[in-house]
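Multiple structures are listed underneath, in structure tokens.
Two complexes are shown next, each including chain A; its partner changes from chain B in the first to chain C in the second.
So, the complex of A and B:
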């Protein structure tokens, strides 16, 4: 995330970016609170941040957030395993068969940009109102980045590394497993990380839409009950989960890529 | 001098015979190597020197078997090659270490392919790492090393495959002068230690004279063999001979040959630029 190394000696320097970020957020919440209190913003549409924060504990305990969280998480992980397996395999296949690549690369890229959620009725017809509808939409929405990044990583392998392999007389298989794949791995992981984020967004979205499952459904529920502070608390929770998820993936990615 | 079919030299381990390479480009065919013929004897150190763009890397790729659309033949110990040959080890002009492997794992790479047991592999790799002077860096990744160190890793990796012929394409071109001289010493030392048959491609005259038994000078476009110069300097050599009078004579002689070609290359490129400027205005 942050590019430069933290300056040594001055602790303030090291924490300045994080502190500024947090400060901006708090400032924003204070302004929102103020505008709502003096009536510039209608409190029946946007609840004051203080009430949202207050209702956090209530929502977590009364609405079984941990259980819902695990449900959404397991949907994400299932979709994650699927996009990794099929996305990497797809990217590798596209790399190996140039004709296939030329034929479908544009379509895959188009799919990446398409709002797949809108096709949820179709998925409902096929998979019913079940976790599989949710998982499959997450899967379809998140597959393209994994495929495209895998392809990009393989095709972007430096020519000289391929030549080193040839000069050592590697077989096709060895060339793939010992050179192309490891060279592409960091890029593939970027694809998987993007894919997981796409999957998370779509999964929560579909849960909300079809009112089924974990965190998305909770937001739908609370909104329907017109529990606005609760709704916003749930939304905040989802955002927090996404941020933590994102940061964890970044950590793993950096750990997978010891050097450049 | 560049007449076809040189006499078969006894003990020639590498024979390059009338190799011609033509590239089709949008601006018409480019002849990158024209009737190139020479031999390398067992244990010999031969350098190919020539101006930029004369076809040195092209010849390197043909001998290494990476470029197969050429005319003429390349024989290793009498056997005509048409693809990468086991007896030839290549060190490339560009940085070519595997960033996902440690120094040891990089150097052990060719040994892995032979199915050598792991413990033995590591031992062997250590031996070559020490030879190029990288002991202490065994567990580092290339990203943590300097450019010169990475080139030494590449060299050690190729040496570990114990090639009969070591082929190097300007391995030190991207390095600063001091590093280059020190690495040159290292290569000389290794060559003397292993009696390694070596074909070095370079455009650095000092480097070529310092290391070689013979130097092949190439012309600029089409890349032909202009002259082959015997370097009768005593071995073992170090970078110290660079100051000697005989050394200076060889450098002057080769520079003389090369200057003509290099300035022809420069004129050619200038004309090319002018031509483009005229075309685009």
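So, the complex of A and C:
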């Protein structure tokens, strides 16, 4: 480093925080490895990180992770299509009929705050121990944000755009498809993104709880077999998949959002 | 004119008979009628949709048993412990990240992306670390509520009016004084919002853990009702749980709202 303050846009300045974050994570894993190897931490409770990393390949091949991943993804996408169709339709209906909106908006908000996933035994009774139980919990838990965001997007359309539509004598349908819906689309997508996140969390969680389906069941299986490195590897894998999923959704949202 | 007309109409009709109330009552009555019809139709397996009277009886039975309150106490205790530990940790980490741009850039992305991941999958680890007792449920609740609180506090720290911070510094306040006199009062709304989110997450984490493996608590009672296929009992359990959960959420939100009014 040259004398004096580094230039404002120097690469070190840009990468220092990320390097610190990553370095801390690696340092933490190394310290954990050391403490486990010298016996300070019991290896039958916390396996050494090196064993966890090693078991990744084994878990992916032997436990059919690609198939499980596709199953969980398909459950998520099914719930995603359902929340988009029913959530947007619900939001539009609430926007069109103000009385209905006034009557049920607080209920929908309460449902959004309600711990729907706790009713999973009820869903099991209704849908059986099947993929539909998992999909329906994801659907019910993720529906309210899509409805509320659709409503927010439609209600938040700029007055000037609505007036432009009126000045062209647009019918109610034209006003909706040409003005309201395009203007609300970015907000609707925020709702769909939130909904998909809720759906993924609930779907993986319920797979784990009812020991059925894709990635969630994998963790339960490995834990019941007391395959510690495998359990830790599977949990890390699910976390990584979730993070990649959230990042991808964010990217799509940014791509869809018009430049103001 | 229209406003006055509406006001007069509202005053004369009274809040009980407003169109909104009527729509609400109609929806509730419609839903209950469909439910009762389904219960008596025989279209579904017996007891999947029990009649309202049976659910009502189960609700009375549930609430009149001391055993339920013992289990409720266990769960409330676990959630309170989780919220206290996770809240304190979240507050400390949030203040640290909010106050320091470098630390925020280095670590906040991890919290941001780890925050929404499903926490229940950590339960096998929590059992190994803390055993099968209430400790593992508290640990899962703590893990669940830590992230929303930390992120909310960090965001709140960054929104504090710079003038307030400069006032504190000009009085040569030390770090603790800055935290107690400036940071915490200035960001009580993000903190309360974080606690509200955290409470919901702690509640879900703790109860799901109870349904997976426990011998006491509300989650245990729900899964026990499921295992014995006592459907009216399970519906009663879920109704009480949802009322309590939504009520607790509203209560924390109301506390936040009250603080807002007082500040004005």
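Observations on the structure shown:
One rule holds in what follows: the second predicted complex is superposed on the first by the 221 of 260 C-alpha atoms of A that agree within 3 Å, B and C clash if a C-alpha of one lies under 4 Å from a C-alpha of the other, contacts with A are read in each partner's own complex, and residues count from 1 in each chain.
Basically, a contact is a pair of C-beta atoms (placed from the backbone, for glycine too) under 8 Å apart; a residue touches a chain by one contact, two chains touch by 3 or more.
Quantities reported herein were computed from a predicted structural model and do not represent experimental measurements.
In the superposed model, A:216 lies in contact with chain C only, and not with chain B. In the superposition on chain A, contact of A:40 is made with neither chain B nor chain C.
Between chain B and chain C, C touches the greater number of residues of chain A. Within the superposed three-chain model, A:169 lies in touch with chain B and out of touch with chain C [touch as defined at top]. Touched by chain B in one complex and by chain C in the other is not one residue of chain A. Listed in rising order, the residues of chain C touching chain A in the complex are 19-20, 23-24, 27, 48, 102, 104-107, 109-110, 113-114, 116-118, 120-125, 127-129, 200, 203-204, 207-208, 211-212, 219, 222-223, 225-226, 229, 231, 234-235, 238, 241-242, 245-246, 249. Those residues of chain A that touch chain C in the shared complex are 16-18, 20-21, 24-25, 45-46, 99-100, 102-104, 110, 113-115, 117-122, 124-126, 197, 200-202, 204-205, 208-209, 216, 219-220, 223, 228, 231-232, 235, 238-239, 242-243, 246-247.
Of all residues in chain B, those touching chain A in their complex are 64-66, 84, 86, 88-90, 92, 94-96, 98-101, 109-110, 113, 141-144, 161. Listing the residues of chain A that touch chain B in their complex gives 158, 160-161, 163-164, 166-170, 174, 178-179, 182-183, 185, 258-260.
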